[in-house]
Amino acid sequence: MNSSIKDQIEQFKQRYQNRGRLLVSCPDQPGIVSAISQFLFSYDANIIESSQYSINPEGGVFFIRIEFECPFLKEKENEMAEQFTEIAAKFSMDWRLTPVYKVKKTAIFVSKELHCLLELLWEWQSGDLMTDIALVISNHQAARDVVEGLNIPFYYIPANKEIRDQVEEKQLHLLEEFDIDVIVLARYMQILTPKFVAANPQKIINIHHSFLPAFIGARPYERAYERGVKLIGATAHFVTNDLDEGPIIEQDIARVDHRSEVDTLKKMGRSIERSVLARAVKWQLEDRIIVHQNKTIVF
Amino acid sequence: MNSSIKDQIEQFKQRYQNRGRLLVSCPDQPGIVSAISQFLFSYDANIIESSQYSINPEGGVFFIRIEFECPFLKEKENEMAEQFTEIAAKFSMDWRLTPVYKVKKTAIFVSKELHCLLELLWEWQSGDLMTDIALVISNHQAARDVVEGLNIPFYYIPANKEIRDQVEEKQLHLLEEFDIDVIVLARYMQILTPKFVAANPQKIINIHHSFLPAFIGARPYERAYERGVKLIGATAHFVTNDLDEGPIIEQDIARVDHRSEVDTLKKMGRSIERSVLARAVKWQLEDRIIVHQNKTIVF
Amino acid sequence: MNSSIKDQIEQFKQRYQNRGRLLVSCPDQPGIVSAISQFLFSYDANIIESSQYSINPEGGVFFIRIEFECPFLKEKENEMAEQFTEIAAKFSMDWRLTPVYKVKKTAIFVSKELHCLLELLWEWQSGDLMTDIALVISNHQAARDVVEGLNIPFYYIPANKEIRDQVEEKQLHLLEEFDIDVIVLARYMQILTPKFVAANPQKIINIHHSFLPAFIGARPYERAYERGVKLIGATAHFVTNDLDEGPIIEQDIARVDHRSEVDTLKKMGRSIERSVLARAVKWQLEDRIIVHQNKTIVF
Amino acid sequence: MNSSIKDQIEQFKQRYQNRGRLLVSCPDQPGIVSAISQFLFSYDANIIESSQYSINPEGGVFFIRIEFECPFLKEKENEMAEQFTEIAAKFSMDWRLTPVYKVKKTAIFVSKELHCLLELLWEWQSGDLMTDIALVISNHQAARDVVEGLNIPFYYIPANKEIRDQVEEKQLHLLEEFDIDVIVLARYMQILTPKFVAANPQKIINIHHSFLPAFIGARPYERAYERGVKLIGATAHFVTNDLDEGPIIEQDIARVDHRSEVDTLKKMGRSIERSVLARAVKWQLEDRIIVHQNKTIVF
């Protein structure tokens, strides 16, 4: 990593040393917010941001994300987590408590088309994606120069259908070695096996170059052109075993017209893909996404 | 029709008595624009607006739409049309020459949900849709009051699968009787037979309440909700025999999030449907649309 | 009011008889959310929706809006309000507790251009604006038919600079008589005196037909045309004594180009004005807006 | 320049060796299109794209942009230009005939904030801005590495009010030396003298970080924050002697809310500035812009 980015990360860690995030989902009932906020208050924590949502308020599911500032968080966090299990048990909560200073580690997978990777690196350098980009994995050499220019380890792992298992073994090994939290498929263009997906639940974000569920699968821009649509789009989603069927995180579109040939669609699409993927990754890094069934709640 | 709308139409006819539109498609080659513009100049016509487009400039297809002002158009239009056949033959043109003062006659088909109908009537009353709304046909009584309140003939024709043929016979009869140019399905919700469609080629505009080709068919908002999309949309298209597969004229979308339940999607969707359909109808009334294969060129 | 709208309102009151909203602003400090949520829990209230925001979390200002469902709210609401004063005093809160079943009363002021009024009536009839439109006041007769057609009292009060004081006296009298909560200037086009404004603090919503602070004052579309802008807009804001300087609630824009003449800008602008104003009014009716200094927080 | 970009430019020149553009403005009258299209046809030119516009069709001003493919353009272009003067004289035309293979030379001025420069370089490397970026001039060293890394000459010319004349002399000298067609102020942040502006009429494109005419002048994001706007924007315009008052080429906006602090506005604004400036520069390079009085016609 470049020293200026290292500095940025260090400053961030310092500035947010007492900042924590609590994400909870549980059956809805009165008293949840009261219990959580009393708990936080008992640790002198100040709630900075709080978002909640209920599916069918009566007898449904409750979700909350709280960002708080808590003096001496580092000293308290283990105790807090331990104590919170009681509340969690009482309300049957799924939950996670993440200290913000523990900057997440990201791996980016890329193929030959670099626009999504470049956008992520750009946002990262300007401090808009707070993460440690630990490594880039590619089945092509195209990204090597730019990645290594930023002092990020680059792993060239040629890939194709026939050697999928070996390739993924190497990749899984690297992900473990680097202790990766977030995996971004920045137009990686290779299908992942159920084994790989199962090993990384709700960790893999993919960018699909269409407005899902339109144009699932290959060659979406060509098919959009043939269908004569007046808008094209892109979709960032978590990867599950069903191709392009995982929980959608973000989508966006751009207006096109009869003059827009396939090349123009691709060019415009690249710009949408870049921003849609960057937003999805940013939200994941900020613990803003809860997956419920096959949907996302983005706080 | 209300007298104020009648006045509007009369004023329009007067103001644009010398305005004509020429739409042409033909194999591309040098000299087309030159031939057409010389032709118009020979009738003292001044080109007011002109848009053109070529698919594959070399050896492809050429499209042009010209709006012109021609003194004494009414006296000249028959001769112009006759004379133009020579040029048309030379360049193998498909073409039409429409005097703007011949205001098009529109039939609106509607069911129980009135938002699209109301939008069209609204835009029509404010002078934004220049047409003679000759009649409204519905399989429900819901629209009667508002339609008859504007002195537009309202025909209640109950419809269902079993009696489709009889129903369409009545409808076709009315369309002929009123000499209809444009048929708008403003959420009519009944499937048309190939016979009906064949009798009205490129005349029927439908609004589909999804971003096609996503969610073709029934219950698109429910399915959008289940899929967890972050944008919903609507599509105006010409009706062909393949359900929701006709040439797309216009599409638009709105942003939704996890809080948006099916009812919210429908509510937001209604607003998109209204504006998308109104734009498509407007373009058709202004002769801005050329259908080429299964796509539209909108000038 | 039409009976169908009356029915809608009655159903709404029934459905939300136990729904309340609590809006609070106060100096930020730890413990606020805990105190509020414990308070609500002590009345068996379930928090349905909650949004909060802090300006400068440390030592700044804290804002929260909570929507809750509380069994037997009608029986409890007075006691709740009374009891809450203690918490309010402790944290120096500005606050309001509004039961949702107390449907707000709205007065609409309009002049000759009816598009904003019509949009509000439309949204109101489709159940999207939950309010009792108690009366419409106008300095022209143009709106009379449509307003009275919906059984809403219509007051024709001619207005001009010279008789401003008398006019406003009549208007204030009507507002008091009808016990009005929200005043909407739906393109009313008359300037209000400081006296009128002072009598209705944060109650008057105006739609300005430009993207403020661009084109403050008269003839914004003409001036937008002359300046050659590529986007036009509209702004809904609370009325204060400084013309077009009050807290902005909502804004939106549309893309235009060199072809767009003043008339086109006005036509497109009408559509933006309609939706921007409707959104602002809806948020006000749902108690989503807190004014802080000269800005709005919209939850 | 990098060799890969050099290759791109060479391929472009080769591919469009016979492509020309004709831009005309003149008093409107019948026969203009006919005369121009006959002229082009007489050189065997095929019209590929054509856009026109009239202000006040009767007795107003007529504008047209034609892109054509003409075999052996290089051999014919001088004769064509010479012959066209006759038509131009007859219709009192302002006009220019530009062969597409003559790739325009661009100078970019930049200060410390690099996002606009980086976007232009990015689009340029991906082939979306067809130009020869001949040099970058800056009053800071911040851009040196990235510019020189692409083998583009970088000139560091410190600047401030006191030495404005000397600074501009150096700059003008460089512009002349490099035979520059387009000057882009990519957040240059220095005011130019009337002398500099007069020497480069309709050649200088600036990006202003607000939605003009709102927030003319300094610190627009701070002022947008203070005013509490709900949308922020950016504007690309030609530079004239009146600060931020030149003809607007393009504008865009993004939605913000009460949570958006000044830093967020700046961050979001950077993204709008990037795309707005890139579009404006692209249009200028493609000869799509005609300036008429203080407005642009963008074809």
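Going by the order they are written in, the chains are A, B, C and D; count residues from 1 in each one.
The criterion applied here is as follows: a residue touches a chain if its C-beta (ideal position, glycine included) is under 8 Å from a C-beta of that chain, and two chains touch if they have at least 3 such contacts.
Fair warning: this is a prediction, and the values are worked out from it, not measured in the lab.
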item: A-D against B-D, pair bridged by the larger set of C-beta contacts; value: B-D
item: Most distant chain from chain C, judged by the mean position of its C-alpha atoms; value: D
item: For chain C paired with chain D, centre-to-centre distance based on mean C-alpha positions, whole Å; value: 43
item: Whole-Å gap between the CA centroids of chain B and chain D; value: 38
item: Where chain A touches two or more other chains at once, by residue number; value: 53
item: Chain A - residues contacting chain D, complex; value: 115, 118, 122, 126, 128, 267, 271, 275
item: Touch list for chain A against partner chain C, complex; value: 28-34, 37-38, 40-41, 44-54, 57-58, 69
item: In the complex with chain A, residue positions of chain B that touch it; value: 53, 211-215, 227-231, 233, 247-253, 257-259, 294-298
